[in-house]
Each structure stands twice: as C-alpha cells, then as structure tokens.
Amino acid sequence: MTQCAYHDQLISIRRQLHQFPEEGWTEFCTTAFIVKHLRELGYEVLMGEKVVSRKDCLGRDPKLVAQAIETAKARGVEQALLDEMQELTGCVAVLDTGRAGPTVALRFDIDCNNVQENPSEEHRASKEGWASKRPGLMHACGHDSHISSGLAIARWAMEHKDELKGKLKIVFQPAEEGVRGAAAVAASGIVDDCDYFLSSHIAMMAKSGEIITSPVGFLCTTKYDISFKGRPAHAGIEPNAGRNALAAACHCVTQLLGIPRHGAGMTRVNVGKITAGEGRNVIPVNAKLVMEVRGETGEINQFMASETENIVEGVAKSFSVGYHIEKMGEAVDLFNDKELVDMLDDVCAHTDGVKKVLHEVNFGGSEDATILARRVQAHGGKAAYFVLGSDRTGGHHTSDFDIDENSLDIGLNIYSEMLKRLMK
Amino acid sequence: MTQCAYHDQLISIRRQLHQFPEEGWTEFCTTAFIVKHLRELGYEVLMGEKVVSRKDCLGRDPKLVAQAIETAKARGVEQALLDEMQELTGCVAVLDTGRAGPTVALRFDIDCNNVQENPSEEHRASKEGWASKRPGLMHACGHDSHISSGLAIARWAMEHKDELKGKLKIVFQPAEEGVRGAAAVAASGIVDDCDYFLSSHIAMMAKSGEIITSPVGFLCTTKYDISFKGRPAHAGIEPNAGRNALAAACHCVTQLLGIPRHGAGMTRVNVGKITAGEGRNVIPVNAKLVMEVRGETGEINQFMASETENIVEGVAKSFSVGYHIEKMGEAVDLFNDKELVDMLDDVCAHTDGVKKVLHEVNFGGSEDATILARRVQAHGGKAAYFVLGSDRTGGHHTSDFDIDENSLDIGLNIYSEMLKRLMK
Amino acid sequence: MTQCAYHDQLISIRRQLHQFPEEGWTEFCTTAFIVKHLRELGYEVLMGEKVVSRKDCLGRDPKLVAQAIETAKARGVEQALLDEMQELTGCVAVLDTGRAGPTVALRFDIDCNNVQENPSEEHRASKEGWASKRPGLMHACGHDSHISSGLAIARWAMEHKDELKGKLKIVFQPAEEGVRGAAAVAASGIVDDCDYFLSSHIAMMAKSGEIITSPVGFLCTTKYDISFKGRPAHAGIEPNAGRNALAAACHCVTQLLGIPRHGAGMTRVNVGKITAGEGRNVIPVNAKLVMEVRGETGEINQFMASETENIVEGVAKSFSVGYHIEKMGEAVDLFNDKELVDMLDDVCAHTDGVKKVLHEVNFGGSEDATILARRVQAHGGKAAYFVLGSDRTGGHHTSDFDIDENSLDIGLNIYSEMLKRLMK
Amino acid sequence: MTQCAYHDQLISIRRQLHQFPEEGWTEFCTTAFIVKHLRELGYEVLMGEKVVSRKDCLGRDPKLVAQAIETAKARGVEQALLDEMQELTGCVAVLDTGRAGPTVALRFDIDCNNVQENPSEEHRASKEGWASKRPGLMHACGHDSHISSGLAIARWAMEHKDELKGKLKIVFQPAEEGVRGAAAVAASGIVDDCDYFLSSHIAMMAKSGEIITSPVGFLCTTKYDISFKGRPAHAGIEPNAGRNALAAACHCVTQLLGIPRHGAGMTRVNVGKITAGEGRNVIPVNAKLVMEVRGETGEINQFMASETENIVEGVAKSFSVGYHIEKMGEAVDLFNDKELVDMLDDVCAHTDGVKKVLHEVNFGGSEDATILARRVQAHGGKAAYFVLGSDRTGGHHTSDFDIDENSLDIGLNIYSEMLKRLMK
C-alpha cells in the first residue's frame, strides 16, 4: 500500500491533538486549532449558534465550560475567536464550488474521554512523548484521528475545488461521547439542505484493511440525569417529618431495572451512578441518579424512555419528594441508504489497502452521528456511516488505546473518492 | 362468691349462641334471636338504618350478606323481621323510664371469628356438645358471652325500671372483628344523645377476679383493601404490551413496609395478604393487597394512612395501572373519663368476686368501641371501657378459646351497679 | 386438493377427543383411548415408567392425578389398563419391521389447556355439538388434532409395513402445556436409539397451505414455582417475632424483574402469580410465586435460571425465611438438521395442498419437543420440527380457537412421505 | 448567683479550644493542650493504648488521622508527645490520694462537629473573634465547655487533694460524635476498677438553672458503613457479565427501611448516605451505604442490628457481589443508679444557681458515655449521667450554637461537691 500525499499531516495533526484532549462541550482549544487551520486553507467557517442550537445542548456543564474558556485564554486562544464561538464548541467548514450540484456533509467528532492515559513505556504515545498532557483526559476513542482526517479531506477538497460541483460542509461536531452533541448541531439546521451525509468511525470491530460499509445494530439510547429533592429531619427524633430523597432514589432504581423487556427487540437500562444523602442521622434531602436506556429501534428506545419518566414521576409521588429529570444525551438507530452503500462498496473495491468489505456487522453501541443522518434523511437526503478498520492496541475507552495510523490514508482515499463521485 | 340470679341464663344463652356463630355483617340469626328476646322483655327495639348507617359500613361483603339472609330464612327467621333489618345486622334496645335523667348507652358486640373450633374432647365445648356447628366459624373472642351479658342486663334493667331515671340504650353492635361495625353505628347518630357510654371485653390480659378499669394503649388503626388493575400480554411475545399489576403490588408492599417510624409514638404496618396474577406466562392483570396500619395516637395513625394512600397512588402512576383503595375498618384510641373510672373503681371495690382492680394496663390491640366512645365524648358525654377478667383456656382467636363463665356474674353486677348509680 | 383416505378418521377422532380434554399428567382417558386404538391396529404399546421417568416429571400435581384416575375409572377405563400406566400418562407405539433400517420417532402431544370453551353459536364446536364437556378445560392449542394425526399415521404405517425398513416409534407425549412432559419422556431413554426424530405443530403463525420447515427462535425456558415459609406473629403486638414470607416474596419479585438483560440475545422473566398471607393482622407465613424465565439460547436461559435461584436464596437469607424452588417445566432451543429440512422441503414441493414453504420464521414461543429433539441429536440422530399451517378462528389458548381441519390431510401426507423416504 | 473561683478559666479555656475544633479521632492538638495543662497541675496522665484499645476504635479514618498528626506537628505539638499518644487521641488524668477510698471516674468528651460556624455578627463567637478558625468544623455541641470543665475540676481536685480519699480518674474521651470513642476507651479497661462514674452534657433540653439528674430514653444505636463490591461490564454490550453493586445497594436500602417495628419499644433505621457507581454506561462496581439503627432498649437495638446484618448478607448473595459491613459507632441505654441520683438531687438542692431539678426527662438521642457507665456497672460500680442546663442560641449541631457560659460554674460546683461526698 502506498502512502497518500497527506500521510504525514494525518499523523502529525492527530498526535498534536492527542496531547491536549478536551472533553465534550469544552473543546475550545481544539475548535480554535481547527478553525485556524480551515481559515488558512481558505474556508468559510461557521461557529456558535449558527451550528449549535444552545437550547438543545445535552449534558453540557456550565462550570466545565467556564473553566475551559479560562484554560483556552491561558493557552493563548484569542478573545475575538472565543467571542465568535459564543461559548459553544465545534464548527462547520463550508466550501461552495459556485457550480450547481448537490450539497454534501461530512461529519467528524472532536471530543475526548475521561480516561487516564497509560504512562508506561509499553504504550506508544507515552514512549514517544505525545501522550495526553491532561490528567484524566485522553483521546481514547480515536476522535483525534477523526479531526486530522477531517482537516485532510478539507485540504483535499480545496485543492480539488475545480473538479467538484455543488457545496461541501465539513462538520466538526462537539460532545459525541455520551451522545450529547449531535442533537444540538442537528437542531441548528446546518445539515437540513444536505443531499448526502457521510460519517465514519475508526477501528471498532474492524481490523486494518477492513471496511464495514453497512454496520447495523446501532442501539438507540437516551441518557438521563434524575434528581430527587426531599426534606431533612433528624432520623432519631422525628423521622416522620422528613421526606426521604434517598429512599425515593433507591426505589426508583429497583423499578427502573425492572422495566419490562420488549417483544420487538433488545433493550437496555443502566443506572450507572447514585449519590444521595447528607449525613448518617439525617433523613436524606438530595439524591441523584445518572442513567441510560437503550433500544434496538427508536420505538423501543422510546418505550424505555417513557417508562423511565413514568417511574420517576410515580416514585416522586409515592415519597412526596420533588424531582427533576434532564435528558443528557441521545442517539437513534441508523439506516444506511442503499445508493451510498453501493457506492462505498465500489469505492472500496478500488481503494488501495482495502482487503475486505463487510456488511451487516453489529455496531453494538450508540453513536450520535445517527441523529445527523436521520435529520438529513428526514429532509430528503441520503446518508451512510461506515467503519474504517484499524488494528488497535487496546479497547476503545481504555488507557491502552491506540490505532494503526496507516489506516487514515485509506479513510482519506475513500472520502475523497466519494466526494469525486457525489460532487461531479 | 355467690352466683347472681341471672347466672343460669348468662351461661345457657352464651352456649346456645356459641353453636351458631355468624361473622361480621351476617349476624341475621343472631340479631333475630336478640330482637325476639328483647321484645319479650318489653323493649322497644330499633333495627336497620335507624342504628346502622349503610354508607358507612366498612368491610361488608354483599355476597356474604345475601348468603346469610338465605341461611336465616332457611333457619326460620321470619321475612317480616328480616324486612325490619333492611339487610343490616345489629339492633338497639331502648328503655325510657319516663323520668327525667341521663341517657346511658351500653354496647355489646355480636359477631364471631373465622376460626375452626377444636373438635377434640380436651375442648370443653366439643366435649359437652355445644361447640360451633358451622365449619370455619367460631365465637373465639367471647362475643357470645357479650350478647348473653347484654341480654341479662336488659332483663335486670326492665326488672328494676322503677328504680331508674332517664333513658337506657343497649347497643348490640355488628362486625367488631376487623373493627368494621362501630363506624356505621356511630354514623347513624344513635349514641349522639348519650350522657354516658359503657362497654367492656371479657378476658384479654386479665384473669378471673381482675378488672381493668382504665386500659390504655388502644392502637388506632385503619384497614385497607388495595387493588391494582393492569393489562394482560403474553409474557414471552410482547411483555412490553402489558401493564403489570403484580409488579405494582409487590413494589407497593416494599414501599409500605418502609413507611418511616414516627417520632411521637408507636406505629405498625402489615400487608397481611397478597393475591395477584392469572397465569405463569401472562403479564398479571389483577392484584389485591389486604393491609392495615396502626398508630399510638389518632394523629400518628393518620400519618400512616396518608403515607399509604400516597404510596398506592404513586406506584399506580409508576406502573401505569389503575388502582382502588377501600377502607375496610377503623378504630381510634380511647380515653376513659375520670368520673367513670372512679365510679368503676368504687363499684369494683364493693362487688363480690373482684379480687384486684388494675389501671393503665396496656390493651395492645384495637377495638372499635373506641369509635362509639369518641362519638359520645365529642357530643359532650362521658365514656369508659373496662376489661372483665376471666381465666381462659387458649388465646383469643384460637380454636381452643374458652372462658371462665363465672366471670359473667361479676360483669353483670358491675353493669347493674353502674346503672343504679348513673340513672338514679 | 383431494382428501386423503384417512380424512374422515382424522376429523372424527379429533372431534371425539375434543369433547373430553384432559390437562397435563391427567390424560388417563385420552391415553386409554390411544392405547386401545393402537392395539387394535396391531401395535406393541409401551406405557408407564418404560416411557416416562417418574422422577423427572415436572409440574405434576399428585392430587390432580388421583382425581383423574378416579374420573377415568368412573368413565369405564379398565383397572388393568390403569395398572399398566402406573399413574403416568402417555404411551409409545412401536412398529418393528423386522428389516434392518433406521429407527424413526414421531412425537405427538396429547394434553389440553385450562381454558373455558366459547359456548356461543358463533363457535363451531359449540354450534355443532362437539365442544368440550369439561368446564374450564379445552383443547385450545390443537393437540386433539395432533393425536388424531398420530393415530392416522400409525394406521398408515401398519398398512404400509411391508414397504418400510427399520423401526418406528410413535410417541404420544403428556403434559406439553407448561413444557412439563418431554423431560420425563426423554429421561426414560425411549428415543435414545432413534436415528431420526420428527414433530410438528398445527397452525401457529402459518396459514392453511403453508409449511414452515425450519422455524427458529424457540425460546428456551425454565418454569419455577417458588415458595417461602415464614413464622406468624400478631402484626400489632409483636411484629418483630414474625418472619415475613410475603415481604420476602415481594422483594423477590422486585429483584427477579430486574435480572439484567443479556448481551447475547433476548431474555424474558415473568412472575405470573403470587399468593401470600393468611390474615390482615398476621405476619404472613406462606408465600408462593409462579414464574418463568426465557432465553434466546440455552446458555442465556441458563443465565436467567441461575440468577433466579440466586435471588431466591439471597432473599430467603435476608428475611430469615425458609424457601423451596421447584422446576415446573423446561424447554430448550431447536436446531433442525439440514438433511431433514431439505427432505421436508422436497416432500412439501410434491405434496398436494402445500402452497408455500417458509424458512427461518420466528416461532416466538417455547415447545418441549425441543427436549426430545436435543436428546436424539445428543445421541447422534437427526431431528426436525415443522409447522403445519392452518387457518384458525382465534388465537392459540383462547376460547375461540379452532383449526381448518383440511390441513390435517396435508400433515398426514407429509409424515407418510417422510417415513417412506427415511425407512426405505 | 456568685461566680466560682474558676469562672474566668472555665470561659477562657473554652473559647480558646473553640477556635481550633478537631473532629473525632483527630484531636491531637486538643489532647496535647489537655495533657500539658494536666501535667502542669501535677497529674499523672495516661495516653495511647493505655486508655484507648486500638482494635475497638469505631469509625476511625486513618487518612484523617495522618493528616491531623501533620497538622499537629505544624502547629508545634512535640514529636515526643505525639509518640506517647501512639496515634490515638484522648487521655486520662489520674490522682491517687494515697488514702484508702473509692475510685471515681469523671468523663468529658473532646471532639467537635462537621459544622460550618455562622460567620455573621449576630453570632457571638464571630462577633467577639473567637469563632472556629477551621472551615467546616465547629464545637457545635459544647464539648469545648466539657473540656474546660474537666480541666477546672482537675485543678479543684488537685487543690483539695488532702480532703479526698481514694483515687480519681478524669477521662478525656475522643470521638463522641457518631458515638465512636467510648467503646475503645471501655475496652482498654481503664474504668474497670471504678466504684463510681459521673458524666454530663451541657444544655440539651434543659435551660440555665435546670439540672436533669435522671434523664431517660437514651436510644441505643449501632452505626454501620456497608459496602458492596461488584464486577464491571459495559451496560450496552454485555450487561449480563457485570455484578451490579449499585442494584444490590438500592435493594439493600429498600429492605433495611422495611425492618419490622418492634412490639417492645421504639426503633429507628436510617440510611443517611449512598454512593455507588463509576459511569453512566458501566455496570456499577462499588457501592457504599452510611446507616444507623436505634432501639429503645439494648435488646431492641440488637434486633435491628441483627436484621441489618442479615439483610446485607442476603442481598450480597442475591446479587453475587462481595460485601463488607463495618461497625462505625455504638451507644447503649442508661440506667442511673439510685444512690447517685439521690446524691445529685441533694447536691443540687444546695447548689447556688440551681432553680429546678428534673427527673425522667427524655434524652431523645444517643450518647456513648452510656457504654462507659455500663462498663462500670458491669464491674459492680455505680454510674450516673446528668444534664447541666444552659440557655442556648441555636440547636445542637447547628452553626448558631452557643451556650450560657455562666452555667459552667454550676456544673463545676456539682462535680466538686459530688467528689467531696464520694471521696470522703
């Protein structure tokens, strides 16, 4: 396999970003980096509320955002650029060829994980000195390579502008982890005019040289944070005077875990965290649950979500406590359009380095690109999501995660060939 | 101790009634017996809605009532008498002396227990041939002796009519077991004009020769039947389509048992029975709980009752099932008026056979005479409830229960002496 | 479609049996009818422990068995025949051709459902006078037609004995409902020497003229009855002295419903019935749960069953109550052997009346023929199960259930043609 | 009321200690202060394992202890003194008169609360500049005044040494909050030889000038920290592979709150805090409950504690998770010996400033002096605990708490007069 002309850039940018990972909704330095790079290439770049609907942000913590802005300032991000961002991360590069043709959107996600990178010599990034410099944060899902791929395809498109027709939008999406960001990007309307939508993920269940052009089994999911508010009382003196938020939360959990199975397909429910109570001898006032449901289809997931909301309301009634339920993330299922799958198959057949094309492989997780894909499809466009195989050294979201960087060349070739065919 | 003039009657009537026990709200034969006896003595006897408020009947099963009326007819109770009863059991004997004076109410309860009497020779009633002839029913709480005592004091009062002033009302109350009947009798208003109210129970925690003139610790209680109504579905094919009444009921139980303790005094909660579901592979549609709460005071009991109702409503919401909550019984706490306690103490001190007078002994249970006592007190009258000690052969509500019948003489002497003093 | 020579017999025997349905493990009259018919045809018939392992009977109620034997005697079943049965229902007809060849087992189930048949004129059996004469019992799953089919193929085989080689075993299996009977038949070893095993079900999701030759998605299932044994106490006086079996049962339910989903496939859990407690004011002593788990594969079902047993043991510990867990039924998944599926496909292609052959259709339920199929496969034989399509008037297990009796001709033709090919 | 000779010292030491409050088991600076003061007075002072049994320390956090030792060093506490303490706080002053006589123990507790002191001018300590200098820590229960009282009576005893006979032990007990320290002091055996034991609390439900010489209703209590240890798994991919510690903890809570009421007296149960889980989509591995039970008597509390341990073990079994249950605190009930109550009554009658002596007032809380009192009584000695009334500005354990310091004179007079009578 020969390396593409962008090989070195793909790797160097990925490794540069790898060192300063930013978690969802706090990617101010990352966004600044992307924006500057795109502007140097000559792109019009949209930011802030033009590409992210503020009220549709899920799981966005204002405190973390404020800290991140301070960090960005300290690291030299200009106030003017921050002003353009309007406290919202991510951006969209727009290339209008000026020639009649379709509008095509590509989407790359940019946030990192809450994972502490393995500092040992066995881990390449640590050994070679480009490991994360931020404790507890790491690009452990390969989004660093997504960004470098997005920037490489941006360069390619600008360099091949004259061969293309129509309009190109390259979406750099914040907060994919926890499936939080896509809903707000979709709600901004930025992809509503798109005729085609393409996105991909590195590695997952595919090895170097493999491409999955029609992954299936994207679990729909809804993430909730649930809180209960009770009334304190001395547990020895007058327990009856309290309103026990901890008891409500625990009964809520026992009910949530018992939401019925669904005859039409797989479901999941997990309460991942609970925190409640103030002191041993006080009837607990505050309780918080961090949970998620999943369903094999949108309808099944909706069933799980409705049951959850019902249970929370009922339990709050039973215990006479207040409650608040907040949606923290959401992803839907995905149906790749046949036209694009066929085109991907054909492109892969002619792409150097692709050894195997796989279909109907189970994705087995959630991905919020699905929300953007659905949005495009709902407006009459077509969408596809593929998996770019890559050998990896550890599981996604683990401290040992690393990819085979040579795979990035393959990815770039697929994207550029797709653009050639779609925007001709 | 010499036997009183009514000794034989006290025993023979008790044993006669013992053979045909009738459970709460079905005492048609028993009521007929009492009414005829009272009318022979020359009493005016009130029945039906005059003494029982139909809409306030708790825990009254129309099917059992209908069967009992058929049984009564088959045993020769005249239709005319049944018509007077208006499908309601119990009656009140009224003796108006025609002379100005206070109105005094005495109250005796008449129903039996759902207990199978011990058929062995060791059990006196079985050995001597006057055991219950009705399978599964037995006067195992001594209410048979209450009736014979009520009829004996009725005879005494009629025989001593000229020595008395004011008015006497002897209340034969249905359905004390499950504390179901008194609320309806009270609601009829029959005791609203009473200046004094007296009632008692045989045996309990007092031995022959002991009288407790101021028992305490009558637990207030509310009895509920709770039902949930769901929607069926095949548990294998589409469990999601069902609404699980059994799950709701079980979660309801776990919440009910966790109602907080009360800082101001004792509480109790018990779910005594649960029945739910139709078949192994069907999401259950019907569920029923039989339960009760108790509290050391009326306020505490009310706390328990409110929590119960809250939980039921909340659980029904959580599981999207229908619910119905029905009050099946109720008793309150009791505060004997000092004037009557002092009078009882003095009477006891002069009554043959009384060896010991006890105060402040814990009753440790519920008794719905308390509702009538409260009603009288609420209208400005005074009330007292005492325990007439009696050796017994087994616990109350057990198949071995029997009393020392000689105690009945003592009880009659106390009642007649009290009437002499109150109606002078 | 022309009717086969056995058409009238297929229908008349089915309707005759339809009138006297017997539930699982009580099919004494039914077994007697089958045995006599088979012996008249000249079969050797095995009964009792030769074909049913007594200790492996699941969900067999000795009281119902005893009653059923009395009923059978009253209906004229000879004592000698009952003695042969050894209180165990079902039988196996054996035809040894005397010529070297394979051993083939066919299996037909014979029990009815606990369903009250629709008495209205709209329901054919009621209109024509051959509805169930037993209240609450009905052949509402078509096993009556299975028996008549089994007897017809028995007649056919005897009539074509000279054309066949090897040995034929026709298994009339008791207690399929609740998947209770097959385990005991398998454990008897009666199919251990079989080279081929065939069974089928009428109707289900297939219409008249359709045959499903490779149904999939047989849910593995285990049925349990669970009981808890506590200690009584007066709920008002000393609740602490009790051991609350009802509370244990309810907490058990809340835990059972929360058994985790399985990543490898579908699961189910249902507690279909709960009964607990003796009286409103008594800490409950006895509690019983009727439940089932299912899993898409044997391994998944085993996970559900293990979790169940674990929960029961843990809850009993938590509440210091005794417990008993009894397996009441069991079915496994099914893998039709390709050789037989191919043969069935070819046979269907040449069978009059078959309009459509379907594959990989979801069975969506449990069937204990799977246990016999597995047993045969475990001993090196091959097995297949097919669905014989038939229009029906109501769902299986409903009071309106009826089949298109013409389908029985198709079934008989398939079975006879299969025997011709297998035993040639 | 005239001020006693120690008035200024009582106040100044109290205010000095008030500024540097230390929570239970971390009172190194406080202990150092006490020890030095006592040694200056001429006392023999016992520390470390001589007065605190290390293995019987309840609720002692090694991290907090280590930090506190660093803090103590930083504040100038000598290493030699810290060495004597052996990482254990508290001390016992011993005065042996050399004359035959009884051994008398007095006990004063020395730890503070986790309360943030009110910084406003309305709060006297803040206004006058002697408020707590440690954020989140405050002497909000008056133990600062207990220490100053202990030191004052130490001075008095030394000054009146020649008038006394026998031996005096003044116990400065660590970690009373959470009732954690007394068990370890008792287990050291330091009070086993005592003939008399006296302790007291400032304020509570008594106003300035009131003394409660026989408080009742000390609730027995046991404090537990409970943890569960599960196994992680991805909640979407293979939830079955996890062992859910959070689910176990929540079910544990629902069961704990449902521990039955007790017929013989009041009970309490509270789960004050729960923390569990690592992330939204991970089956939770770690869970922790912070809880307590109480009972009106030792026997009832033991019932609650046993039920708790049973439930934890059962739930761990149900969910196949590991568990650890650690006793964090313990207090028992108290029975003042009549000899000492009578003596206290007589002393109070002759003490300047005492306006009212109360008996049988409900203490309504827990206090671990009870464990030392019981230990003395178990060895044949006599014990009493009294409440030294004092007007207060806020509830105990609140940020507004302050006392009427004049009450300390009364307390000192009572203690010194008691010593005169006991050690004569």
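Labels for the chains are A, B, C and D, by order of writing; each one numbers its residues from 1.
Methods note: a residue touches a chain if its C-beta (ideal position, glycine included) is under 8 Å from a C-beta of that chain, and two chains touch if they have at least 3 such contacts.
All of these numbers come straight from a predicted model, not from anything done at the bench.
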- Query: So which chain is the furthest away from chain C, centre to centre on CA atoms?
  - Reply: D
- Query: More C-beta contacts across A-C or across A-D?
  - Reply: A-D
- Note on the structure: So, in whole Å, the Cα centroid of chain A is separated from that of chain B by 68
- From the C-alpha centre of chain A to that of chain D, how far is it in Å? 52
- Message: Roughly how far is chain A from chain C, centre to centre by C-alpha average, rounded to an integer in Å?
- Response: 50
- Note on the structure: Touching at least 2 other chains, the residues of chain A are 237, 239, 247, 251, 254-255, 257-258, 260-261, 268, 283
- The answer for chain B against chain C in the complex is residues 178, 219, 221, 223, 235-237, 239, 246-247, 249-251, 253-254, 257, 268, 270-284, 287, 290-292, 294, 328, 364-366
- Message: Looking at the complex, which residues from chain D come into contact with chain C?
- Response: 237-242, 244, 247, 251, 254-255, 258, 260-264, 283, 303, 310-311, 313-320
- Query: Which residues, counting only chain B, touch chain D once they are in their complex?
  - Reply: 254-255, 257-258, 260-261, 266-269
